[in-house]
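Each structure below is given as structure tokens.
Next, two complexes with chain A in common: one pairs it with chain B, the other with chain C.
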Partner chain A sequence: MSDNIAAQEARLGHRLIAPAALIIALLILYPIFFNLYLSFFDVELNGDKSLVGLNNYKTLLSDGGFYSALWTTVIYLAGTVTGTTVLGLAVALLLNQNFPFKNTVRALVLLPYFAPVISVVFGWQFIFDPVNGIYNHVMVEVLGLVSERQNVIGDPDSALWVVIVFDIWKHFPIAFLLILAKLQSIPSDQYEACAIDGYNAWGRFIHVTLPECRFVIGTVVLLRMIWNLNRFEDVYLLAPNVETLPIYIYFQAFTGVIDQGLAAAISVVQLIVLSGLIWFYVKKVLNW
Partner chain B sequence: MLLLLFCLFPFVQILSTSLKHQADWGNPSLIPAQLNFEAYKELLGFSQQEVELPETIRMMLESPAISEEQRAAIIKKFTSTSDIFPFGRYMLNTFVISMVTAFLSTLIATFAAYALSRLKFRGRNAFSNTVMFVYMVGGVLLMVPLYQMAVSTGLASTVPGTLICLLLIYLVQTLPVAIYMLGNYFRTIPFSLEEAAMIDGYSRTSAIFAVIIPLSRPMLLTVMFYCFVIAWNEYLFASVFLKQYQDFHTLPLALQTLFSSKNAIWDRIMAASMLTLIPVVIAFSVANRFISSGGTAGGVKE
Partner chain C sequence: MAKVTIKNLVKAYNDDVIVKGINLEIKDGEFVVLVGPSGCGKSTTLRMIAGLEDINEGEVEIGDRCVNDLQPHMRNIAMVFQNYALYPHKTVRENIIFGLKKTRVSRQIIDERLAHISTMLQLENLLDRKPADLSGGQRQRVAMGRALARDADVYLFDEPLSNLDAKLRHHMRTEIAKIHKRVQTTSIYVTHDQVEAMTLGDRVVVMQAGQIEQVGTPMDIYLNPRNIFVATFIGSPSMNLLSAVYDAQQQVFKINDASVSTELLSQVNTANLKDGDQVKIGIRPDFFDDERFTQDTEDYWQLKNIMVDLVEPLGFDKEISFHIGGQYVKARLDLRSDIQEDDPIDLVVDPNRVLVFDAETGERI
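Moving on to the complex of A and B:
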């Protein structure tokens, strides 16, 4: 009898996950292998392909563009991960205190995270616009730090920094949310005990807050790395001249001299790195 | 205060520029010298200004040398409205596809999340690990195979096929986060409630509809909001699949095209950005009480 119920339950379970499992298998798992397969071919936009073996990978390794994209990605990741985590932690500590309109402020802080990329990039582009933008106005006319107006986004080197600041602006709210949720769960008697031991606010931060938040900060760092490695839209729409790996793939696959096989090969490399990070996340962070 | 300034300044900048006259753009002050709603009127199709035929053309038309047919063609060419940006249409496109995505994704995810959080079956761990993994693999890595699949099945060459592809892709991008958030939430609902319903004669399946769904309504709304925003904001796949079907462009794609096609129209771009932003802000303020309470803190995905 109980066997029967268990079997029934299992059948219902299978039926319930079937639609989701089907879509995921068709659109994620199959494409991952298809991508690996495609990376050994020379692939045209219309679907024609011819086997080239490891040529795409050889091209990749001798391609200066690939290395520079890799380097840009590393800087981008380092800058954005540090920035979002530090700012997220600072803001979480700040907004964990009591003050009037607390909930409104928290909601407003989250706004950049939910706002459509496409609308906010134009605001940012306007700020840095060489003719009208307020950035140049402040730098040149008000502070006099720079002698003439510059096209900050037009130059890939400085655009990378704009993109990093933009990403921090847009994504620190999620770090803030995760850390805030953790802060609120720290029992206040720990702080009291620490205060009795004679520690000041800074000491309480070092001895209570940081150890308690270690895991959530680890989570934030890894998740931001994983997602920023995949980030396309924020970078491409704000400054397409900043070539991180995803943008490099997009250019290879859909613009100029189209080489979808090469794009597939880059995706494979990136996927391997990504899987490494995910594995690390699952093994370490989720088991903490 | 400084924090709010940092967070909100770009939004204020967008609003301010959208309301400024062209001559006022270089002015760093955020308050427009004179309010100008032209950009909004134009985007929303309220300004149906008559197109004046240039004098020379009118003289040409009066000359008896051209036929009636040619005359009609010339008039048509000069009064054509094809350069007007059909914002309403793009907004509708985006709204429809985002709503459908949000609804279907939440529905499918409800089933899957229920199974994961309540039922024992073979492959449950494998499935939940796969969802976790998929949750972190970005679409950008799979754009080549997905595009090639759409081409080889012939779906990419027709409009309905393309829309189906796009919808499926949006579904798979929103499903993991929806399953994850809902699964966590369902675990907080005491199983005894369902048991009570089943003792009252409900079957297991109908107990889901009678107990779980009504109890989860706020969470379901939040999840729908998440999915809606993900689809509303999506640019990459829209650009890959919809490029050739201009009538079906979504807002992100249309705005990007608008931005790269014409110069010196900051007010229109900003007004369009503002209008793209507003539905999200509305949805956000509705869903916010659930989000900022930290209930969804685990469900992060962009």
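Moving on to the complex of A and C:
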């Protein structure tokens, strides 16, 4: 008997994941390699390609639009990742306390995450509408903080902040959910021991909560970075004038002076950064 | 170091009263053990002293200061938890000095204290390890070290040995006794294990259903239990309780066909007993003796020709089971009594060791 049960099970396992592996290969690996291939070509609209070597990358390095998009992405990432993590942690700490209707409130907090992006985007655009939006009404007429009504989403500089706040609002529930799950698993006697060791609530947060949540916070930060480096639909639907890398790539590849070779080159840069983040997550964070 | 005074302490969760107004005074430097079955309120009492539970009524004083409204970190106490509650991300060294660092003592004192504690608890080689890399006994020692490192007024122990195996528990019990002898700090120790209570406590507090049943030295509790609960809770195997009826005419307690005269049990005050009163006669298994190896047995309660149902050898001791007046009884004899099952034996009991309880109230007569 050369065929033992383990070998049979392994074969069955391979057969079972084969369809999924095939689909992943077709939908993800093929485009990645094709994209890498394209980045060395000048692609004509009719599909003709001519090899240009590293020219696309050279163009990229002297392209002001690319640096601008890179900087916007950095601000977008820093703002959204910090915002979602801090807000998620704060809300998780708050909702880890005991109070009436705790479970209802916890469920309500998750709503932004589950709401379809297209519908909430319309809501947010309406809030910031220069004529009818509540934002301008409150800022100008009620509080008088601003002298005249502004098209907050129309101006790319202020729109970036709207996009960041929108992302924090929409995605902090996932940070909240992950952190809350961890908070609930911290044994209460750790807090009690820390209290008896002479530490007040802040000391207990620093010495018990934070170290215990280190892994989950690391996970949230890195996952949010990976997701938001790729984030397209939220930004494009809410304020397409905020040119983060994915938006910039889209404009390069499919609008105006179409240059798919250049777009492919930018995608490769993005892929390298992403791979670095994923490597760090798998090698470091998962080992904490 | 400080005394601890508990006045009319009450703890209730909604309508469920867990601690029902207890009073206790613990002297400076004393080692007091709170013992009782699960749910008797002993841990809750300890946690109220620590400040980990709110006090519904009454007062806790540490030294001369009422600490009811003080947070745990303001009470200057140290505590050893049942599950040790070590900080998993800190090393043994950091765990031990964590509380000490907060007291803002100098680096030198911290180092000295750490060296002293780690030597005393044999933790020198483990200082750089994390709790996850330690065995149960080692974790227990670190938890002890963390408490001892602080110069606390009171040490609180919440069933610190209950997660250890029997051998290690025995060892650590001795260690705790030694440490207390050396540091002489007021200690309050909660356990459900009566052996720990007997061996460690200067005084033992037996609790049941949120109330204190008896406070006394271990031997006092063992020899002079106030009621049936204390009598049966302390001592292993448990005290034998024989149902008997008081016969005023013949001045005997009748145990079905057997009997024992009240003259023999001269320490029992029969003045308030009426003819026909139901009582329980309590005899610890340890107080039965083999007649052959006992001298001056004239004044003893003689139990002749007892048929042994079961012999359970324990090494030096053996437990034998038999019947008195049709009621099941256990006795503990030593190595010398080479007795087999279904053999007869003559036993004697020192009448001074026989206790009589009111069958209805459970109180000592």
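Going forward, the second predicted complex is superposed on the first by the 282 of 288 C-alpha atoms of A that agree within 3 Å, B and C clash if a C-alpha of one lies under 4 Å from a C-alpha of the other, contacts with A are read in each partner's own complex, and residues count from 1 in each chain.
Assume contacts are C-beta pairs under 8 Å (C-beta built on N, C-alpha and C of every residue); 3 or more make two chains touch, one makes a residue touch a chain.
Note that the structure is a prediction, hence the values are computed from the model and not measured.
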Three-chain arrangement built on chain A, chain B and chain C clash or fit: fit
Chain B versus chain C as contact partner of A:G276, first or second or both or neither: neither
Greater residue coverage of chain A in the superposed arrangement, chain B or chain C: B
Which superposed partner A:I226 touches (first chain B, second chain C, both, neither): first
Chain B versus chain C as contact partner of A:L16, first or second or both or neither: first
Which superposed partner A:G154 touches (first chain B, second chain C, both, neither): neither
Which superposed partner A:N132 touches (first chain B, second chain C, both, neither): first
Partner chain(s) touched by A:N46 [first = chain B, second = chain C, both, neither]: first
Superposed arrangement (fit on chain A Cα atoms) - minimum chain B/chain C Cα distance in Å: 22
Shared chain A surface residues [contacts with chain B and with chain C]: none
Complex interface listing, chain C residues touching chain A: 50-52, 71-73, 77-79, 81-83, 85-90, 98-99, 102-103, 146, 150
Complex contact set, residues of chain A against chain C: 187, 189-190, 192-200, 203, 207-208, 211-212, 214
For the chain A and chain B complex, residues of the former touching the latter: 6, 8-14, 16-17, 19-21, 23-24, 26-32, 34-35, 38, 43, 45-47, 91, 94, 103, 105-120, 122-124, 126-127, 129, 131-132, 134, 137-138, 169, 171, 174, 177-178, 180-181, 184, 223, 226-227, 229-233, 236-237, 246, 249-250, 253-254, 260, 263-264, 267, 270-271, 274, 278, 281-282
Residue ranges of chain B touching chain A (in the complex, touch as defined): 3-4, 6-11, 13-14, 17, 25-26, 28, 108-109, 111-112, 114-116, 119-124, 127, 129-134, 136-149, 151-152, 168-169, 171-172, 175-176, 179, 204-205, 229, 232-236, 240, 251-252, 255-256, 259, 266, 269-270, 272-274, 276-277, 280-281, 284-285, 288, 291-292, 294, 297, 300-302
